[in-house]
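So, here's a batch of structures to check.
Across the two complexes that follow, subunit A remains constant while its partner is subunit B and subsequently subunit C.
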Partner chain A sequence: MTEQTASKKEEEVLAELDSFAELPDAPPKRKFRLSWLGWLSVGIVVFWLLICLIGPSIAPFHEMDMEGDDSFLDAYSGEYGTFYLGTDYLGRDTLSRILFGARNTIGISLAATLLAYLMGITLGILAAVKGGWIDMGISRVNDAILALPTIMLGLIVIAALGSSIPILIGTAAVIYATSVFRIARALGQDIMVQDFVEAAHVRGEGIWWIIKSEVLPNAAMPLATDFGLRLVFVVLFISSLSFLGLGVQPPASDWGSMVRENLQGLTYGSYAAIWPALAIASFTIAVNLIVDDVSAKSGGSLAKKMV
Partner chain B sequence: MGKEKLFEVKDLRISANTDEGQEVPIVKGVSFDIHKGEVVALIGESGSGKTTISLATLAYTKPGLFFSGGECQLFGEDVLTMPPLKQRDLRGGKVAYLAQSAAATFNPAITIGEQVTESAVLHGLLNQEQATERAVELYHALELPDADRIGFRYPHQVSGGQLQRLMAAMALCGRPDLMVLDEPTTALDVTTQIEVLKAFKKVIREENSAAIYVTHDLAVVAQVADHIVVLYGGEIMEQGSADQIINNPQHAYTKRLMEAVRPKPAAGQGVELTHEHHRDIDNIEVKDMTAGYGGIVDGEPVIPILKDINVSVRNGHVVGVIGESGCGKSTLARVMAGMLPPARGDIILDGKKLEGALKDRKLDELQKVQFVFQMADTALNPKQLIGNIIGRPLEFYHGLTGREKHAKVSEILEMVELPPTFASRYPMELSGGQKQRINLARSLAANPEVMLCDEVTSALDSIVGANVIKLLTALRDKTGVSFVFISHDLSTVSSFADEIVVLYAGRVVEQGPTDEVLEPPFHPYTRLLISSVPEMRIGWLEDTMQKREMAVGIARGVEITKRGCPFFNRCPLAIEGTCETHTPPTLKLRNGHEISCHLTLEQLQNTERETQKILHGYEKLGEDDPQVHVP
Partner chain C sequence: MMMRMVWQRVGIGLATLWVVSVIVFIATSILPGDVAQIVLGQSATPETLAALRAELGLDQPGYIRYFSWLGNMMTGDLGISKAGGATISSLIGGRLGNTLMMAGWVSVISIPISIALGLWAAMHPGTWLDRIVTFGTLSLISVPEFFIATVAVLVLAVELHWLPSTAYMTGEESFWQLMKALAMPLITLVIVVSAQMIRMTRAGILNVMSSPYIEMAILKGVPRGRIIMRHAFYNAIGPIVNVIALNLAYLVSGVVIVETIFAYPGLAKLMIDGVQTRDLPLVQACAMIFCGTYVVLILLADIGSILSNPRLRNPK
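Moving on, here comes the complex of A and B:
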């Protein structure tokens, strides 16, 4: 009656059960490997960061020089030197302005996003961990800020305090910290009810240790995913402020305002607005691709769910 | 077997693709037949491929898997190669699938009746009226209460066991040729499990439909299956009639599975204490404790969970806490650990009163009482290395750092029988049983006096669970730690505990040394529990269901009562007018054995005879009837 169809012998099965049959046999592979797309993105980001440092010194012209007689000149033209990417609406060299502007755009948005994350995560985790009145207080203030249109809020703050780069960074950071707060708080609340956090409570651990060792490592990946997205928003926010004359003050350049001011050139067939747009796109997409790649490699199911 | 062949699985192969694009076989050439009116059980532990094979009968695989060979023939037609539209008719129409968790299967926003009839109407097998009629018929057949109207209720308005049976009605509504039941009773309490098993068996027989029953529980299989297929690692180890597999297993793996089935709880199984640890001093004690949730009003919790609990754990002893889900057994451990401050009463550790709240307890008090969580999957931080998880209590309580800590971590890993190299792994890289060992190791690292183990073996396979129990016994002998061992599984508790506390609806109904509790006199509830544990014997279910106590005891739900004995509505011996109004007195018997009941000792003894027959009758039977296997 008994059929022996198995390829494994009885003894082998038993041996497996007795020895460390429960073990995954191969030692775990934990090498950190990016895909080629990930490496390309790292390359792009490193390239732009380098430009931030050395951009002004390698630019063929100064960002404020109005060298061309005509605005919206084509690439590889001009009498005073070669405009590799043509000129903008005032006849300034587009390439030089992009090289100069990298510092403003990337510097300001990166600083603002990092600051937003610092504030958002600190308050969000604090609200999640403490709960009660602290959570209530911070959350309601946060809701109030969220309810205001970001541009309006930015306008009012800058109109009151004046336009300077630190104020620009601070304003953008506060505005974007609100959404970071929301995410950090939700994540924190999810993690705080996990058994391993309760285990730490029962052990008698202090709140800071729990945040540092149990909550943050588990919140890091989803927050990083959001970081890439948030960076793009900040770039756009800064450029809209610049367009209104409250952001980076002309004649200093930043990529966002370069797109805005050169939009009219599109009707004349000029690429002056396209180049800074490409710069923004290449930087932000590269940051997002790196984050995606890292979270996919670390089995970031939570991160994927969020995206 | 002269019956018509209904379904044939021929050399079925299912594989998965890894990230590197390699093909990994999951099911490696499995063949078996299903005849009309026959129940075929697929048994095996997790990873044996039993669920994967059962889903193949619906021509379905989980994402990431694919059919790499073989056939599944329903009435001679291969379902795997059918066009998609025909497969659609097959699923839910000709072959019906019952998932493990009814709670997750039912949509909470739609009435039960609508969901039960949905698939039959959708497949055009019946119109809505016929389907509703058929559903009501099935509710009656499945012995559901208020069968004519239960269809109008929502899923949250019925109990877990009822929902499980309603799922069977859902599957049977369209009169499928084949039913696939995937661990349908695994998540249920023993007393509920019996009820559901009985209903399933009756309905399968009446409908003369065939079924595939997927489970890891051999004792359950013995009750329902006609034919058993034993799986390991995606291959068939052995298959044969239920009678042959249960009573005369051939393959070594099957024999091993049988060994892991814990014997029927009975007196004389408890482990003898080694004398060096045996000190008759109370280690941790709970006195007149009442606890619950939702805040405290007038000294009583708003939602009471535990009432007037007295439990003491002596040094080096193992106290098993047993009861159905919702009886408050986990809450008891949480109160002891300080996670839930009690509303009234004291917790005493080594003669000193402990503060109720965690934050008021001192570090050395925290260190002495360690809580082990049920699910190792969630109790271990996925982002921490094993070395850090075990190392943290060493550092936190004992101030060990650097090389000293490292050495101690290796030592503790060895104690839980894992290699020291595991320190550099993440929890994700371990199996279920290994994670549970790490979970224990973390508590052990604190060097505690008491370990509170909350259902630590419930989520594990039987062989792995048996190994964990073995480990716990060894640890107790080696370290002299006292254990509070919480479980809903009486067999597990009785094989490990020195003393047993039986909880029912937040009260201790019986407690005492294991041997005393498992011997008459019993509290009526204890007896119900003991006789509900399935035996690995064909025909046990029928025998048990004939008993008066069982029939009365399992039909009704649990209510936490303010006054009287909470068990009165299920108790076959309840004294009307007394039991529901007066709190039962505690009968003190020898060796600290206590029973809380209104009945006199003689009455409790007298009603024993019948149970004695249930408990020990089969052993005598076994002597003159070689058909019956005595575990």
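Moving on, here comes the complex of A and C:
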């Protein structure tokens, strides 16, 4: 019943951008050649993923050590060591908290996005392949969730259940699985009517064989690029909730809640709130630039959702 | 034909609103832990619990509670806040006005800016100016709203001392004091909303630019600026109106962050406080207002695109 409201928009945007890619001044089609900006972005993303793995072991302090001389200090060297980015509102080392926080912010978002993909693709392909009332049922529920602002859904669930990391991951996964579902279903439907699928049917291949060998390989590339966009949305969603004090709970460090905690320091000229915000921005912008670059150079059918 | 489509969309919008009410109600009511338990806390005995449940109507089955909740909401009775016991309508009243005032100003400022910049970028595609706009807006839509707000506070309030860093209002300010208090949240929201609208305006115009009649105009030697203003713009109005409505809907989520960061006494701040104290009736009411507004704006965008399509306006 809500299908047209949410989905029309999306399809129109998709159609618009498709033709946009055909413009005379669109970049030429090439495969996996990134611009220098693209390579820089890949570097930044790889850097943050590495920090997720090794951040806690290279951090000069523990995320909860309150060893600075005072709160909101600028960078200085004290008796306990050097505070490269200064201290936060409790006198903790900002750099260490960012290094520890990468694991929470990026880790939770990655987990949620992967879960969203698992749910979205499974249901989307199922709906596309089976059709009929299964398709109808899933699509209706999906459209109803899609018709609401994501942050509102998050707030409602957290008001009811409270905030914990599993609930954050689950909520974000369900919310963003809806858009993955739409894409997977559309791709699946497109592929299912292709001649080679019909040929496979006629050959007598089973439905699982067709999904495994024909549908998934053809849907993989568009879905892979969309993964980047979805990851950015999830990072923004999780850090917004954390920023509101409803996401990752203290004393654990997380970039969104770090901005919130140190906001008051801004008025004293402390940059403790700026560093974690910059960390988020560098990660999300880098992911988006990679997606932009890849899709501009491979025919432009991919980065449409972000416009 | 056209009116039928419009009514169809209105019907879909109403159905969506109904589904929204079901989702909000289910999410906040059927979940574990009931309000009576939360209110009584440690002092709960089986008798007081049962009494309070009966008083709140919690002993009735879910669907009856849903319909009485829905009925009350339709007639404007939003219930009583769990914290403090004030009626929710009285809590919401002034707050809603503040949020609407903010949204109004944001639209008035951001719509002309976005259309102008989007058009301008579309007139010069591929130039470095266009690249700056494209790259800048992509970066702006990739970062969280609170990043933009934090940087704005740092630059405009802390370094330059131009504006106050909170939007504290007493209700007795002169117009200029009010504007000054509102400036920071307004600037942040305008940036957030405009970035998206600029990109979509540019994409909409460039999309029209690739159609055959524009090629014809180029071939007969019409200058590019004139092609955009006389030929492309009118055909891009439909998509652009659509984009505007969608982005005002996007304001709904921006407003949540911005009101919190600047301590602006609006509806979103009220809702966040409600979520923190787990004041479910308050959260339900606020969520219904926000989601309702969102659905209505999307509906208007839909109707706008039907009305601006000449093929639907003049059926054969």
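Just so it is clear, the second predicted complex is superposed on the first by the 199 of 307 C-alpha atoms of A that agree within 3 Å, B and C clash if a C-alpha of one lies under 4 Å from a C-alpha of the other, contacts with A are read in each partner's own complex, and residues count from 1 in each chain.
Convention: a residue touches a chain if its C-beta (ideal position, glycine included) is under 8 Å from a C-beta of that chain, and two chains touch if they have at least 3 such contacts.
What you are looking at is a predicted structure, and each value in this text was computed from that prediction instead of being measured.
Participant: So, does A:Met152 touch the first partner subunit B, the second partner subunit C, both, or neither?
Facilitator: Only subunit C is touched by A:Met152; subunit B is not.
Participant: For A:Val46, is the partner it touches subunit B (first), subunit C (second), both, or none of the two (neither)?
Facilitator: In the superposition, A:Val46 contacts neither subunit B nor subunit C.
Participant: Look at A:Thr267 in the shared chain and tell me whether it touches subunit B only, subunit C only, both, or neither; answer first, second, both or neither.
Facilitator: second
Participant: On the A-aligned overlay, A:Ile54 touches which partner chain: subunit B = first, subunit C = second, or both, or neither?
Facilitator: Neither partner.
Participant: Look at A:Val202 in the shared chain and tell me whether it touches subunit B only, subunit C only, both, or neither; answer first, second, both or neither.
Facilitator: first
Participant: After lining up the shared chain so the two structures overlap, which partner does A:Met136 touch, if you call subunit B first and subunit C second: first, second, both or neither?
Facilitator: In the superposed model, A:Met136 contacts neither subunit B nor subunit C.
Participant: Tell me which touches more residues of subunit A here: subunit C or subunit B.
Facilitator: Touched residues of subunit A are more numerous for C.
Participant: Report, in rising order, the residues of subunit A that make contact with subunit B in one complex and with subunit C in the other.
Facilitator: 1-6, 8, 13, 17, 20, 22-23
Participant: Could you pull out which subunit C residues touch subunit A in their complex?
Facilitator: 9, 12-13, 15-16, 19-20, 23-24, 27-28, 31-32, 125-126, 138-139, 141-147, 150-151, 153-154, 157-158, 165, 196, 199-200, 203-204, 206-207, 209-210, 239, 242, 246, 249, 252-253, 256-257, 260-261, 271-272, 274-276, 278, 280, 283, 287, 290-291, 294-295, 298-299, 301-302, 305
Participant: Which residues of subunit A touch subunit C once you look at their complex with the stated criterion?
Facilitator: It comes out as residues 1-6, 8-9, 12-13, 16-17, 19-20, 22-23, 25, 144-145, 147-152, 155-162, 232, 236, 239-240, 243-246, 256, 259-260, 263, 266-267, 269, 271, 273-274, 277-278, 280-281, 284-285, 287-289, 292, 306-307.
Participant: Of all residues in subunit B, which touch subunit A in the complex?
Facilitator: Its residues touching subunit A are 28-31, 232-233, 235-241, 244, 250-253, 256, 337-339, 358, 361, 363, 366, 370-371, 373, 375, 378-384, 392-393, 396, 419, 425-426, 428-434, 442, 446, 463-464.
Participant: Subunit B touches which residues of subunit A in the complex?
Facilitator: My answer: residues 1-8, 10-11, 13-14, 17, 20, 22-24, 28, 30, 194-196, 198-199, 201-205, 213-214, 217-218, 299.
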